[in-house]
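Supplied in structure tokens, the structure appears directly below.
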Amino acid sequence: MTHWIVAPIILPALLAPFIVLAARYHIGIQRVFSVAGVMALVALSASLAWQVSDGSVLYYRMGDWAAPFGIVVVADSLSTIMVLLTSLLALFVLLYAIGSGWDDRGRHFHALFQFQLMGIIGAFLTGDLFNLFVFFEVLLIASYGLMIHAGGTARLRAGVQYVLFNLIGSTLFLFALGAIYAETGTLNMADLAERVELISAEETVGIRVAAVLLLLVFAIKAALVPLHFWLPSSYSEAPAPVAALFAIMTKVGAYAIIRVYTMIFPPELEVTSGLHDLWLLPAALISLAIGMIGVLAARRLDRLVAYSVVGSMGMVMISIALFTPIGIAAALYYIIHSTLAGAALFLISDLVRTGRGSLALAPRAPMMGTSLTSGLFFAAAIAMAGLPPLSGFLGKLMVLQAGFESSLMVWIWVVVLSSSLISILGFARAGSVLFWKAHSVPAEPEETNLTQSQPAVLSYVAVGGLLGLLVLHTVFAGQVHGYTTKVSAQLFAPDTYMRTVLDTPGKLSKPKEAH
Amino acid sequence: MTLVEMILTYAAALSLLIGSGFIIVGVIGLLKFNDPMTRLHAPTKVGTIGIGMLLLASMLNAFAVGTPSIHELLIMAFLFVTAPISANFIAKVSIHRRDCVTPPEPLADETWSTLNSPDASPAEASPNS
Amino acid sequence: MSLFFIVALPFLGALLPGLMNAAGRAACAGVTFTVSLAAFIGLFTNLPTILQGGVVTARVDWLPELGLNFTLMLDGLGFFFAFLILGIGLLIITYGRHYLSRDDNMGEFFTYLLLFQGAMVGIVLSDNILLLLVFWELTSLSSFLLIGYWKHLPAGRQGARMALTVTGMGGLAMIGGMLILGQIVGSYDLSVILQNRDLIQADPLYLPALILILLGCFTKSAQFPFHFWLPHAMAAPTPVSAYLHSATMVKAGIFLMARMWPVLSGTPEWFVIVTTAGLITMVLGAVIGLFKHDLKALLAFSTVSHLGLITMLLGTGTAFGAFAAVFHILNHATFKAALFMSAGIVDHETHTRDIPSLGGLRTLMPITFTIVTIAALSMAGIPFLNGFLSKEMMLEEATKTVLFNSPWLVPGLATLGSVFSAAYCFRLIGHTFLGPVRDDYPSKPHDPNPGMWLPPAILAVLVVVIGVAPFLVEPFVKLVTGAVQGDVTEVTSKHIKIWHGWVPALYMSIIAVVGGLVLVALFKPLLRIWDALPRPEAKTIFEALIKAVVSLSRGFIHGLHNGAFTRYAMIGVVAIVAVGYHAWVTGTVGAQTRTLQPAGPVPIAGWAMLVAATAALVVMHRNRFLALILIGIVGLMVSVGFVYFSAPDLAMTQFTVEVVTIILLLLALNFLPNRTPIESTVLRRVRDGSVAIVGGLASFALAYHYLLRDAVSTPISEFHLANSYKGGGGTNVVNVILVDFRGFDTYGEIIVLGIAALLIYALTETLLNGPVRRRLLNRVPDQPRAGDMHPMMMVVLTRVIMPIVLIVGFYIFLRGHNEPGGGFIAGLIVSIAVVMQYMASGFSWASARLRYPYHGVIGAGVLIAGFTGIGSWFVAKPFLTSDFTYVRIPPFNEFELATAALFDLGVFLAVVGAVMLSLESFSRLARRADSEESDHPMDIDPSRDDTDTPKVSS
Amino acid sequence: MTRAFRWLMPHPFLTLILAVVWILLQNEITAGMAVFGVILGILIPWATSIWWPDTPRGFHMGKMIVYALIVMWDIIVANIQVAWIVLSVPNSKLKPAWIVVPLKLKQPEAITMLAGTITLTPGTVTSDLSDEGHSLLVHVLHTDDPDAVRDDILNRYERRLLEIFG
Amino acid sequence: MIAASELLNIALVITLVALAFGQVMSMVRLVLGPTSGDRILALDTMVINAIGIVIVLGMYQGVKVYFEVTLLIAMLGFVSTVALARFILRGDIIE
Amino acid sequence: MELLVASAIGVMTAAGIYLVLRLRTFPVILGMSLLTYAVNVFLFASGRLTVGAPPILSDDVTVYTDPLPQALVLTAIVISFGMTAVVVMIGLGAYLGTSDDHIDDPTAEPPMEDMSDEVPDPAAEQTP
């Protein structure tokens, strides 16, 4: 059993308290440790992803207790790809936070950032449902801290709503876990998958309710309509690098849905049929529509980006909701795309704010650093709106193709294509107001409270890095999609995962003792 | 059951009943009296004695069943030490809020410490600055 | 040259002008020209293969699973278009270098132009319809950038957005159409698709696919009813209008119709849709064009009209129609590009494009006049110019076309269109160049330098050459036509001839020319009638539509997301309950497997207390202080319930947390209003109450359901009970689970707590460093304060009690592994001890004398827990693997040494640090400007009478 | 020596209390526990003595024990009295009163002990201290003669406490 | 004469009922108020009664591990009473 | 007994939801606390109800209640404590900035001038 599997969790979990303990007064030292830590994280997660790329499953028993009695950490191709995405995103976001000076506008940014990474990565890697709850809470509470970083009334008011809505979500999670344990007597996901099959068709109520409650929890995380209300204002009020990091948080929900509803409650499972397969897709379609209408309706750039995140999650969820191998493969491709694109857009909106002094989508005098910023915006907007040549277009094609097999195919196509149009319109309007219309506004700013300044070079490097990743995601789309197809196939044949987890003995237990 | 055990058990039962009595009297006082200060008398002390009797019963019972236990004393001590302070604070609340009959002037000093408010004119203090 | 290079060159080259902006205008234009020329030459290296009837291909896999690959194909059609794109491109680059003014950013312009060029070449060379889509959308994007190139012009911005919206919509529709096509055929490769005419046309999805693809083509090629965007695209600099919006991009739709002609055409659906749209567009464009005063607008509508003409020809689906269409594409590209560039010259020289302000330029700008005359007459269909030839062919095709069972409809409308077409051509020449020389031109006009007039002149020469000697291009046109037709039909055997004899087409041509002359002669009265006619302004309608869509979206989005958490929560709760209810009613309820346990009077009383306290809380929650007491009682009852149901650890934790929470809330309530005002209406309260009751019923039903049934299999906790002592070294199974079996949860849990404290600290710092600081310092308490801040009796008691509480905490910590307790509760107890000290003597006095660095305590706690976990690595065990042993050192009893205790120590420290840091942060907010640091632990101390220190009163 | 002792054990009485508490917590009396209790009894006051700067001097342990026994007896007797009052005296006949107790005691510890005693003996509650600490405000539940109650407090408890903290 | 253990059981039940009665009555006082002092007092009484309940439950169920719970409730009950009173008196409870 | 516990969960849930739907931060936080109690009891009840059998191993006892839900609830209590502290602090911070403790934030979507630029301006016609 290699210890490397838990390293991506343990590293930030040790780094953060270390920063608090030893470096809390020195922003410079914090930055050095934080960046070094994230770089190490990238290396670790890349190596993990490499190790499982052959379809194997790595597995780790916490405290040497075998599943299902103890907590296990499992690295398969799905979780490692998410971990790798997280650490790559984190690297560029961190660079931006440092470059833009956001990290120094409040206390404990770097510690919270590391804890946030620990929570996200832990959620991806754990093989235990209650442990997933704990990591959800870790990532949430760190996100609360990051969201209100640097304070400000609007941010705090949005923060209150954000925290409270997620508290409702956490409460629901506990209800779901209680239901799961009451019904099955276990918390380990693989074990759960086995026990669910023991439930007879004459007594399905318990597991059905448990299954949908769990799904609702993840739907809140994934900002699925009508549980998305927490997202627009919190993401737009959050400091830009934080919002950029949050781009991965919604994907935690998507990941959990993929994991749980392919392994534990797979589509062919009788006792839970007619549930998520029924209403998840419509909800996802509405999410996409609402998100993209929001893009058109937004009156501030940060709102626009936030709504585009809602929309892109709708796109992801449409693909997931098909619960087919090609659907999940497309979803995974789109998850990577939308994470990078959303994060890039949030960072760019901060460049705009820095250079322009305002995020209002209303004419202002020309901003500083226009041409570079506008170019970056154009590229990121193209990606997010799903226009060629970037990965958004490819992802959209994948989702549309996956939609062929659905009974709601027409709906999928109509919504995907028309919301694409709406978002193109929205991004075009926003871009032309921000970058073009400025030229017909007199040069002297009429509002003196707008402070404009030239964004830092490191900020541009960070945004460029994210867009560079998007370009790679596009150029190597074949390879990436090939891999996500493999991942998806593995998800629909979870036997390796389950046997690895359940058949390995641990402290005081022999294999299969539980069954 | 040996005789000692039986006696201890009877004693425990008796303590319980006495304790119950005091507890009930305490809450009756709490309900019955019509002034915050008089209400304060009953439960803070009568009730305390009542719980003391229950703790005593617990100890007696423990000795009776052969697992001697004295740590109940600790709780009893704790309750007895803290009860006066609790009562004092509650009384201060009533005095501060003018919920009771105004107390007479102190003999030696100017006023009672609770009434010695630092806020020059409480009436002017606007709510929610 | 490999096809990849031909496509890639413009894209790669696009970087250069942008980067070379500083090197000067000539350098920018030069590098652009060189890049285009290289691609152009590269194209010609493939000409021999094409001429031999061969097809050049190139292929690289991109997204094979999706069927999207970098597959390129060069045949006659592709060559033809690529030739137009690159050839005219070279002319436009030359022209543009001279056209743009010094204020314009030339690097940016040429970057966009090359991007467009690459995309356009990509479209015509794609052998994969998905790849084609990629390039297709790229042309829309680059067109967007080029139309909006002059950022300060509202017309440019609007035109750009309109073009993007309309063509973007078409592009999206086309995605759908192409995907359907690919699904029908099983491949997205054009070469495969083109082989499957019968399969496609027999498929039930043929019609949707056709409509979707045609939507793409029609929007791109400005066919009715999507024609309106093109005139507004004329806000772009003239080189762009000439290049994109007349010669190339708008022909992309035509190209695609031609490309898909073998598999899509020949059906009644195709015929009706395409021919009708083309015909209407042709007539409409010509009529509107005649009355346009803006030179570029006139040309734009003429372009619309001519695109309609080509579309109509393709729609007929005959071999001759295809032949005529290809020939007219070539001819139109030559004369229309020449006209646009000339219009640009006029604009450039006279500073106006308004025809009524012009006239008489013939003598002032003779070269331009010559070029315009040749090109316009060609467009009007005057013999010996190339436009005449293809127009004749069109009219001939029209006479053979029966639409809606009427043999007259198509020829009649075609003739009408030609009349107007001739008319605007004559007006263009007459009203701009003929007539008297005026003295009120905005700028003194003269012919420009050769750099500007040479490109249109070259095209004008071509117009004449083709017009006189069509046999020079005929083989090439036939080659292209062959590529269009694929193997569906043979290429027509007819030849392009100047003289066909007295055929109907010739009469129609004559009618057109004569009619055109008559219309121009009658222009003034006609214009008055035209101006008097009510007609829908497409732009106004479009803008109104967009505006309506935007305000509808705003109303919807902002109405939905109105910032009301109460609504969000309400929707969330209702959704959760509804989904849960659905799951419930669609499932089956199994038999009860557990027997109900009887409830005695005490549980009933406890239940009644809990319910009463909860109800009281709901009813009386507006009194916030009372609400806190009530919530305390609920917590107390829950704790007692936990004791009753055999969970002492839980009871302790619940109650301790309860008290600390109440302390926190009290600290906060100090700043908040003490009462919640009545704001919600009765109706609202009833609504909320109903939702609440439904939610309550749901949780009740669920809980009751599970309580009456056993789990489907033995709970895993059986293992924990069996192995807690053996493997975890503790008899308190809950504690062993917490620090051992599921220690990883606890590790996360203390991290949550640590983060909470860090967050609270960080926010306090932020508040105290921000505008809130002043408010806080000047805060007036919302209620009068009593005297005696630090009462003597409390202080004295604390001196005794606090050490006792500490020792209890220590005891609870040590015993936790085997008896109720543990690091967490111990941590809270120790925190409470310190809080007692703070409550007695005040935070400032207590912390001035002894202050722990709580940050460090948290950090240390989390680190200790973490390193305890890592410690197992050194004995080759997984993270957090526990070990324990028993030690005996006289006079002490035998005691246990366990790594779990070390872990618990980490928990303990993290809890103490977190609670204390949070409380400290809250209390820092409360420090007022008027508060002094007190020197004494208590305010009143008669024993100080002797030393007579001044009294501290507040 | 004394200085070292005082540094080690700033409040010897507290040390004793803590040792006893530790033994009570363990719920068994063994030598090991006693030793450990003493160790804790030394360590904890040592760590928290900064919050108890001025140690009362001249504390008479013997008199304290006598005092404690008297108070315990009073508690039991007075509890029964108050229970009777609660059950038998109607609100209309109840005669509550404030009484002011002038203090000779100066030490906070002594005053606190007196106040606690007053409260624990049912029928009286110490309600407040005067703003210079020279009087106690006591509430009496039911009395015909407040002055007698005051004198009783002064004679029975304050006198003894003056001796204890002499 | 009733057997000792039986009597003890009866006494335990009576005590539990008495405590439950005490809780309910205190709750009434808490809701009625009318003063803050009354409410704090009622809560304090309820906490003390809760201690009694836990003690008696321990005896009744024959469980010996509830001692820590009792001790904890005693300590924390005191702290919460003081905190609530301090809030009324001073607003800031740890100034 | 089961009925009592289940209905207590229901009552606390209902009260919690009602308070969560109130308009001010403070009652909403109280409502969240109630919901937390409710869910903690629910989670606890997933181990079913056992009277008088705490999971403290002892030689003379054979019946123990299910310890796992207890451990889970313990974790949940601690976590929700942290969350409550955080939301109280953030709510307080928001209140201190605005003197408004409404939970709803109508300023989340401030009205702003229309961004459309459809008013034609004369400069438009003078394209070079």
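Every chain is named by a letter (A, B, C, D, E and F) in the order it is written, and numbering of its residues begins at 1.
To be clear about the criterion, a contact is a pair of C-beta atoms (placed from the backbone, for glycine too) under 8 Å apart; a residue touches a chain by one contact, two chains touch by 3 or more.
The structure presented is a predicted model; accordingly, all values stated were derived computationally and were not measured.
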- Message: If I average the CA coordinates per chain, which chain comes out farthest from chain A?
- Response: D
- Query: Most remote chain relative to chain E, going by C-alpha centroids?
  - Reply: C
- Message: Suppose each chain is reduced to the average of its Cα coordinates; what separation in Å results between chain B and chain F?
- Response: 36
- Would you mind pulling out the distance in Å between where the CA atoms of chain C average out and where those of chain E do? 60
- Message: Suppose each chain is reduced to the average of its Cα coordinates; what separation in Å results between chain B and chain D?
- Response: 15
- Centre distance in Å when chain C and chain F are each reduced to the mean of their C-alpha atoms: 31
- Query: Hey, what residues on chain D touch two or more of the other chains?
  - Reply: 21, 25-27, 103, 115-116, 126, 129, 131-134
- Multi-chain contacts in chain A, i.e. residues touching at least two other chains, fall at 130, 134, 137, 141, 144-145, 148, 151-152, 156, 160-161, 164, 168, 175, 178-179, 181-182, 187, 233, 299, 429, 432, 437, 440
- chain B residues touching 2+ other chains are 21, 28, 40, 44, 48, 69, 71, 74, 78, 81-82, 84-85, 88-89, 91-92, 94-96, 111-114, 116, 128
- Task: Mind listing each pair of touching chains for me?
- Result: A-C, A-F, B-C, B-D, B-E, C-D, C-E, C-F, E-F
- Message: Please output the residues of chain F touching chain C within their complex, sorted ascending.
- Response: 1-30, 33-34, 37-38, 40-42, 44-58, 64-75, 77-79, 81-86, 88-93, 95-97, 101, 103-109, 116-121, 123-128
- Query: Can you name the residues of chain B that touch chain D in the complex?
  - Reply: 21-22, 25, 28-29, 32-35, 37-38, 40-42, 44-46, 48-49, 69-71, 73-74, 80-81, 83-85, 87-88, 91-92, 94-95, 101, 103-114, 116
- Query: Residues of chain E touching chain F in their complex?
  - Reply: 60-63, 65
- Item | Residue ranges of chain C touching chain D (in the complex, touch as defined) | 787-788, 791-793, 795-800, 802-804, 806-808, 810-811, 837, 841, 846, 849-850, 890-893, 937-938, 940-943, 945, 951
- Tell me, which parts of chain C touch chain B in their complex? 673, 775, 778-788, 791, 793-794, 797, 800-801, 804, 939-940, 953-954
